[in-house]
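Listed below are the structures to be examined.
Two complexes follow with subunit A in common, the first pairing it with subunit B and the second with subunit C.
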Partner chain A sequence: MAALILPAGLLVVLLMVAPMLLLARISLNQFSPTEMMVEAMSPENYIRAVQDPYYRSVLLTTMVVALGCTLLCLALGFPTAYWLARMQSRWKSIATILILFPLLVGNVVRSAGWIALLGNEGAINAALRGLHLIEAPLPLLYNAFAVVVGIVAVVLPYMILTLSAVIEGIPRQTEEAAANLGARPLTAFRRVVLPLAIPGVAAGSVLVFILCMNAYATPVLLGGPQFKMMAPAVYDQFVRGNNWPFGAALAFILLFATMVLTLVGSALIGRRYRR
Partner chain B sequence: MGDLVLEALTKRYGGTVAVEDVDLEVRQGEMVALLGPSGCGKTTTLRMVAGFITPSAGHVRIAGQDVTRRPPYARDTGMVFQSYALFPHMSVAQNVAFGLEMRRVGRTERETRVMEALRLVRLDHLADRLPGQLSGGQQQRVALARALVVNPAVFLLDEPLSNLDAKLRGEVRMEIRSLQQRLGLTTLIVTHDQEEALTMADRLVVMERGRVRQVGTAEELYESPRDPFVAGFVGRCNLIEGQPEGTAGFRARGGALLPCTTAAAPVGTGGVLALRPERIALAAAAPGEGAARLEAVTYLGAQTEYVVDYAGTSLVVIRATPPEGDPLRRLAPGDAVALTWDPAAARLLPAQ
Partner chain C sequence: MTITRRLALSGGAAALTAGLPGIARAADGRVVIGTWGGDYGNLLRQNIDEPIVQPKGIEVLQDVANADPRKTKLLAERQTRRGTFDVACLSDTDMYLISQQNALQPLEMGKLSRADAIIPALKKPYAIPHIYSALVLLYNPAKVTTKPTAFADMWDPKYKGRVGFSDILYNTNTLAAAMAGGGGVHDYKPAEKMLMEMRKLDAKVYPSNEALAAALKSEEVWLTPMWLARGFMWKQSGIPVKHVVPKEGAYSIVFEAAIPKNARNLDNAYTYLDAMLDAKAQTGFARQMGYLPTVKDAKLDADLAQEISLSEEEQNRLVTPDYEYLQQHLNEYLDFWNKQFKA
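Moving on to the complex of A and B:
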């Protein structure tokens, strides 16, 4: 067994840790317009990123969007996950496939679909204008709204499947016992189902939050030029600005922010429901 | 507190009938057991009373009120689930307090009543444990306390002892019965263990394939079963198919003529003769004499079971094990025996 685990473990280390270490090293180098990168050991890229109001606002936008999307996914995902978990066997696999179905379409193709739906000449605006409900097209595309809608549509299946796996593990009889003791459905949900589903809520939220923090294609394609999130900003530095050290520093700031928020969030959820 | 009445209660699932036309009255303070083979509709009936299953037809009345259309949380029944269904994230005390909280009982009263209920099931020293830290029997008693503490109008138990080992089952059985009597709870219990039903309940309901076959006390069901199913299900019974032959007795299909008082029964109609194994007396007979031959002997400790071929009809006989030295003790398969019984002990029942 050990003979198998060791090479596999080494491969994982190589694939996951090595690029990170390399990136960490690069983030401490200096940018030079002529030579691209000069060997150094300085925190100046981090200091610049943190002090620049532009990148501060990009980070803030990223966090707000990720948090908003996560909450939205919870609100939309919980009822669906509950419904899925309590479903009778025959339809369950079909429903699961339907929920997974959106993941079969890549992010770019999907975004094209959203553009066709939300754009000024898109289906929604065309329909509303055709019905004479509006004069000028509604600004549905190239803003935060479009990005949130687009991201939620991508990550919602992850939330639903994570939650429903946990809810399935809650015996229906505990809910019946609550009802039998006089709890109305909402009370039974709040006092019994939700506390027992907390591991799923935490796991699903962490998963979805990380996906949102690192979203790339959706903000680029649906956010337009004005709307910036961290992952595209990192990419810009690497490819357009050729500034690898600064891009690497931004990447680590994104990683750090994601980790801190994830830990704080998990701790809050845990404390609220551990009794 | 109140009585429970089921009127023509029916549940169908598509084409299959789970419960059909069940009429039953459980009087205030009475304990009634639903007894029957697997799949006969006991759980379905109980869950219709609790409100988890909507009947296809019929009514459920609790304390005079029709609750057929009421949701479970508005029914005032206290149910003990087969799996206990305790809330795993709440302590024992919180589990027991849940129903009182739902009824908006104030904090101080709640605490006293919870401790009282836990004392009743002798678990007050474990009030702060989580259910996962208790043994099966202790969890079972928490479930009991949780259902009892709210003083439900109707107390419902679905095979509450099936997850316990034999010794504990006996103890908890007595415990449930004495609690039920002390608190005067109107109780419906589901079981497929007839011993459990016989020892705990005031009256028994024997069900088969969704229908009620007979309702009565243990004695009534045992002594005067209405049909062969009840006779065979409650206690052991020789059920012999054949026809009554006036004052002569009962002619079994195998040809044997069995003494019984069936003079009133019309000659020629088919029937089933029910004869309890312990009502048959057995004696040794000289070879060639008498029509009965011993086929098997099983020593069961206090009792011995004999299988006898009685002129072509196989009969089971159960007798107290004869003392050492008794000639009966030396009986072996193949020996000739003589069987006798009081003709009044053999009951003629309608064919199934």
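Moving on to the complex of A and C:
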């Protein structure tokens, strides 16, 4: 049986573990503008990143955006997932495809669409100005708002599909039994459906949160030059600054922060609804 | 005309190769050009690949990306035996940085038939100059009614919120600020104070040159430091801008081409560099992109020359980058740009 995981396992070792070990090694080197990188064994890059208020604020922004997007996805996704899971008609497969539809469009193309919609000369501002509702264009693009809207539009399908798979596994009879015993729909949802759907909530949130923490294209294209998240900051160090050691250290800090928050989050959800 | 045996043979051979372009090409192989896409890539194709290089039986492949990823690729591949690019196109500053990292081979000028045509001031041992231009101040003449004369005019409180910068040009934006504050190519330090003042004046930063162009077109911003050549292209496309060569100095930019150490098709790379220096190809670039030719014998029409050339008095104000200073400090100023100015 172990042979079954061999091909995938080899791929992971080759394409993920090995490059990560290399990156870990690079993160301990020193940057030099003339030689690019000087071999060293020093935690200096990590210390610099943690002490620099700029990178602390970038990490904080990233965590706040990721957490906000996850909660928003949960709020928007749960009703849709419930509706999809309880759907009986032959339209169900079409509804599923429609929910998946946003994923068929690449991130960059989708962002171009948002720019056309949210820009100063974009559809929304043009319409509002045409109706004489505003004088100057509303700042809809190149800020946190645009990034959150853009990211939620990308990750929402993951949340809905994960949740709906779990909700489908909750027998309808449990809800009917609750109603029989006098529970109002909201009580039935809160005391019966939600606790049973917790594995789905946890799985969907973890998936979405990780995707948000590592978002790259959306923050770059919709956040503009003044809004920074971690993945673009890592890219900047590697490609614009040529500072590979510091970029590698930032990458590991992002990885570590994502892991810790994911584990803490799952543990909290698990404890709250264990019984 | 009598047909000799030799003529008939050569004619037959020519007909054969003409009939079998695939075979003829395979014999000569290919050349891989690491270049920007967009206008630059298209103009390479129109002015160099199709009229000059491809007829020689060389297949031209473009590896398209912005400068930064291509620089990273050149650096990352330094130790490998076979590199991606046969010809690398970069700005002079980037090219210097890459040559300092030992990623380029010294050019054998004897292999370039056009080497002697190059304007002497632009010659380098590791790269050929392809096109050049100068950093100027673009302004909207309808909004900025007193014609500006210097970069320092951007700090006039009248223009609060009306100065725009392209994020990718952080280097030249910082330099323009340094020049306005009394510094220059050897000293970017005054830029720090000037940029922080500019921040208070509510300067706008756009993610790309194209986004900045859109903002100039919609008259959201009125002033920006920009390459003269790009200003010319924008003017052509109906964006309401004029330019002044600032009195603090005209910082030059040269777009260069070089051969990486580990290029796989060396002879074709030299053929390509030679074609880049072709007088007609150079005039083509000037006409369409507004950059100035780097060879002495490329002639510009009078109307075009007036738009993109520098007067003699302006040429005297030309300053070239201090590559060494940039190599030492560019990273610092990228940090400053990101962390202090934009934050």
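One rule holds in what follows: the second predicted complex is superposed on the first by the 266 of 275 C-alpha atoms of A that agree within 3 Å, B and C clash if a C-alpha of one lies under 4 Å from a C-alpha of the other, contacts with A are read in each partner's own complex, and residues count from 1 in each chain.
Everything below uses one rule, namely that contacts are C-beta pairs under 8 Å (C-beta built on N, C-alpha and C of every residue); 3 or more make two chains touch, one makes a residue touch a chain.
Because the structure is predicted, anything quoted here is derived from the model rather than measured.
Applying the stated contact rule after C-alpha superposition, one finds that A:P195 touches subunit B and leaves subunit C untouched.
In the superposition on chain A, contact is made by A:L221 with subunit C only, not with subunit B. In the superposed model, A:A179 lies in contact with subunit B only, and not with subunit C.
Applying the stated contact rule after C-alpha superposition, one finds that A:P33 touches subunit C and leaves subunit B untouched.
Contacts of A:S89 after superposition: neither subunit B nor subunit C is touched. Applying the stated contact rule after C-alpha superposition, one finds that A:Q51 touches neither subunit B nor subunit C.
On the subunit A side of its complex with subunit B, the touching residues are 171, 173-174, 176-185, 187-188, 191-192, 195-196, 273, 275. In the complex of the two chains, the subunit C residues touching subunit A come out as 68-69, 71-72, 75, 100-101, 167, 205-207, 214-215, 218, 220, 327-331, 334-335, 338-339, 342-343.
In the complex of the two chains, the subunit A residues touching subunit C come out as 31, 33-36, 52, 54, 57, 119-121, 142, 220-221, 224-226, 228, 236, 238-243. The touching residues of subunit B, when paired with subunit A in their complex, are 50-52, 71-79, 81, 83, 85-90, 98-99, 102-103, 146-147, 150.
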